[in-house]
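Take a look at the structures listed below.
Presented sequentially are two complexes of subunit A, the first with subunit B as partner and the second with subunit C.
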Partner chain A sequence: MTDTATDLRTTRFVVARRKGGDDPDELRYDTFDVAVGPHTTILDSLVAIRRELDPTLSFRHSCFHASCGTCGMRVNGREGLACVTPVPAGAEVTVEPLANIPIVSDLVVDMQAFYDEFDEAGRPLVRASESIAAAETAEGIDELGRFEDCIECGICLSACPVAGSDPRYVGPAALAAAWRLIDEPRGADPGPVLRLMDDEQAAWRCHLAWECSEACPSGVDPAAAIMRLRGAAAAARARRLFSFGGNR
Partner chain B sequence: MTITRLPRQPYHIVIVGGGGTGGALAHDLILRGFRVTLVERGEVTSGTTGRHHGLLHSGARYAVKDRESAVECIEERTILGKICPDTFEANDGLFVAITDEDVAYEPLFFESCLASGIPARRVSREEALRLEPYLNPELKMAVQVPDATMDAMRMPLRFFASAKAGGAIIRPWTLVTELLVTDRLVSGIRVRDLTNGTEEEIRADLVVNATGPWAEQLAVMAGCDVPIRPSPGVLLAVRGRWCNMVVNRLHPSGDGDIVVPQRGLSVVGTSSWVVEDPDDLGVPEDHVERMYVEGAKMIPVIRTAERRAAWSAARPLIGSKDADSGRELSRTFKCFDHRETDGVEGFVTISGGKGTTLRAMAETTADVICGKVGVEAPCQTREVVTLPHTAYYAA
Partner chain C sequence: MAGTTVEPRRPENAPAQRRGVVGWFDPRGRRLGGLAFIVNRLSGLGLVLYLYMHLMILSLLVQGPGAWDTFVDIALSPPVLVFDVVLLAGMLIHGLNGIRVGLVGMGLVVSRQRALFIAAFVIAAFVTFVGALRIFGGEG
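Moving on, here comes the complex of A and B:
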């Protein structure tokens, strides 16, 4: 950000570091002093650190406006997108990688497992048309949640207390994506995804901490999606139970 | 659709730059049978590509003043629609006339669209407001064109995913420290792996400079010159999806005259100036203010909408060093064979262009590469459907 010199203050950034070959169980912390203004974001500051102080600092970024989802990290212990997180007031700020996701380098995490879950949930999701006449969901499109607003940032997974204790859990993002497919199938068959997510490591593993919806930077509300997914899974079970061996 | 497995070529092509152009080139070269390594100093699409507004151009924006770009856009828009399914929000674009000057400009605009092969339809004030209720009610009329929107990172990621699945080695977090040059021949690159600090040499039969606005910085390492002007523009994202169509002002391209819906945000762009160093852009606050003012002329609620982000992206414009605003430079692209421009062999630069034309840029560059190494292999990227973006990260 370009702010006038009079607006600037100095903030000490305490940044978690880890490179290949380092102890995988430990983060080391480096400090950098950065001049910040009223509009300076965490991402602006990291870019400045990389350009002027340490070219080896690695972090993910792409869009700079909360659209790509690559710059999810923890700022003073709370998950957020670095590109839309202003540098907080105070002399010092701590920046760490997302939790519950393996670290590649410094603030860069490995999204492979996250995307593997998404693929099972029926990704990718794009609402190809908002035109009611052309949409498969002709009526009531405004009533549907825009789960395609999910930017696949991993912040919900980092904030989720269950994912922190059990890596087998499918996680909030993939469950929200599954619910979108069931709620707004647009011609797809939601049956297989519903059966896949009707599992103790999927829809039924959530402990209702609601941390995911609290942390989501894109207003997706994965927790609500998980609750609706449970309702749909229970209803489908009931239908199967009372179908007397008929058409499953 | 059948994918012809072309015979494997012995040639190893190294691409420097992980933007949309580099990704599309990796995909093209893999389909033509080459061995490909792509290096990028950060995450892929972290330079210019990921920062764009996410407009898939119909070409209408360029129809009056830059016919060549307009024709490229409508052709590529049509091809990308086929090879990137489930990627675009095809809600069209609306060019809105607000003032009498805008209305006077309309016939030239409309005819230029048709002459460029861009389907265009005149829309009355009443219909425009029905289509997009948040438009300025004082608008006079509008023209509808087949613009679409996309995720600026995820569309290009499909090309990276496809290249990777075909055997390309994609190496993010890999910084080029040196071009290996002997007797005016480029034979590879020296890189530092930023994830562990190790350095190594990567040998290449040909090195491609696909670094966009950084093209000149890389070319200098081989003693070559590229007439690239990094021309940044400021973009503003506000909260609220205030339109589903891409809304443009119906007038000659200017600042803040386009609003692109992105999920729950509306992105207003852009301004234009020229810098020396694409790593040091800044976000001038007066430009941000201009986005609010100009954007609100088309969609008034933008004036008071909450600011979500403001950022700058550097376009890689080809042209005269004397250009000072960037607007007068063409938005088409160019491939430079440095044997012809600088007498240096084994080194090619692709630059200029824009997100919408990434596939065409790759095709042109791959044609140049085939010509240089003496391989006959036709381009297949017009037909081959690319993989979903998730395949880039998923196992």
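Moving on, here comes the complex of A and C:
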């Protein structure tokens, strides 16, 4: 889909900036006037700004179709993937990095701690229980894989108000991953992960704002996973209580 | 595609990178679950404030019947009765939403959390309306 010259309007982009050496507690905002059409995305606009107005603007992207999860950011205060977020109507749009994650440069955040939490959760990558058994496979392929929906974009962590006040919180994505492992262990022992996540800074820190599930661009529904994780943790505690110190 | 660079500036009320507890009460960009989260905290804080006010008012009893009767006259004035209606609404929304939070937070009826909040809000609004009629009309 191509926008014609007559479809174009000028939108003022207010873009958060911070470089190494800047005050870590302050974001600076630069403004850029960009001609956009009805199909222009935020990522299209940022690419244009970097190419034509400010080559020092930093942002991360890769696939351009919501698969890689690298271009998560906040647009007018709401999280989304820049590659599939259309430029909103209105004369001005504010673009900021994801919240609750350290900034590396401008709109680029440091995802390392976020990924580390996944490792503790067992990092499930395959969702075998939702594979379609009747699906036809190509010659030479025995079985189709069904991958996890989570694209590890960090948007859920940014949207979570509790993560905004408590940096020790494990966060929605890792908790959802832990639930997937417990729900579908595929031969693994889910006990250690359940015990790890049955903690005041893990499953029990969530205060049910549900913003993670609303913001998730991939339909993971981390909040529901956290609630089911709590149910499993409570059931395990009850079993331990009534087994008088047994293992389960 | 692109135009000109203009003067750098900072938009008003730009959220900080980690918003802290203040961010709990920021309604911008929130959806239903987030608004329920805010309402529950505001109503909870309001009820705690009311509890201390209630204890302070009860302490008037030690000053004798005159002090208490004066307070009752004030309490029955329309502006204070509005406060009673707000108190009733706060108790209802906090209590009913608390049941929702308790159920969902234990892994029960998780998929119905949105419907539960809407139901809690509708019930709270209806009972508050009936309560307001009784508070101001005396007869309901």
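Following the convention adopted for this analysis, the second predicted complex is superposed on the first by the 219 of 248 C-alpha atoms of A that agree within 3 Å, B and C clash if a C-alpha of one lies under 4 Å from a C-alpha of the other, contacts with A are read in each partner's own complex, and residues count from 1 in each chain.
To be clear about the criterion, a contact is a pair of C-beta atoms (placed from the backbone, for glycine too) under 8 Å apart; a residue touches a chain by one contact, two chains touch by 3 or more.
Predicted model only: the values in this text are computed from it and were never measured.
Engineer: A:19 contacts which: subunit B (first), subunit C (second), both, neither?
Structural biologist: The answer is first: A:19 touches subunit B but not subunit C.
Engineer: Which partner chains sit in contact with A:164 here, subunit B, subunit C, both or neither? Use first/second/both/neither.
Structural biologist: Only subunit C; A:164 stays clear of subunit B.
Engineer: In the overlay, answer first, second, both or neither for which of subunit B and subunit C A:56 touches.
Structural biologist: A:56 sits against subunit B, while subunit C stays out of touch.
Engineer: Of the two partner chains, subunit B (first) and subunit C (second), which one does A:201 touch, if any: first, second, both, or neither?
Structural biologist: In the superposition, A:201 touches no partner, neither subunit B nor subunit C.
Engineer: Let me check the overlay on chain A: which residues of subunit A are in contact with subunit B and also with subunit C?
Structural biologist: In subunit A, residues 51 are touched by subunit B and also by subunit C.
Engineer: In their complex, what parts of subunit A are in touch with subunit C?
Structural biologist: For this pair, the touching residues of subunit A are 10, 12, 14, 16, 25, 27-36, 44, 48-49, 51-54, 76-78, 94, 96-97, 99-100, 103, 161, 164-165, 167, 206-211, 213-214, 223-224, 227-232, 234.
Engineer: Under the definition above, what is the set of subunit C residues touching subunit A in their complex?
Structural biologist: 1-11, 14-21, 23-24, 28-34, 36-37, 101, 104-108, 110-111, 113-114
Engineer: What part of subunit B is in contact with subunit A in the complex they form?
Structural biologist: My answer: residues 42-43, 45-46, 49-51, 54, 86-91, 151-154, 173, 175, 193-197, 235, 237, 244, 262-265, 267, 279-280, 282-285, 308-311, 313, 388-391, 393-395.
Engineer: Applying the document's contact rule, which stretches of subunit A touch subunit B when the two form their complex?
Structural biologist: Contacts found on subunit A: 1-3, 19-21, 39, 41, 51, 55-56, 58, 60-68, 70, 83-84, 104-105, 108, 111-112, 114-116, 118-119, 123-131, 146, 148-149, 151, 218-219.
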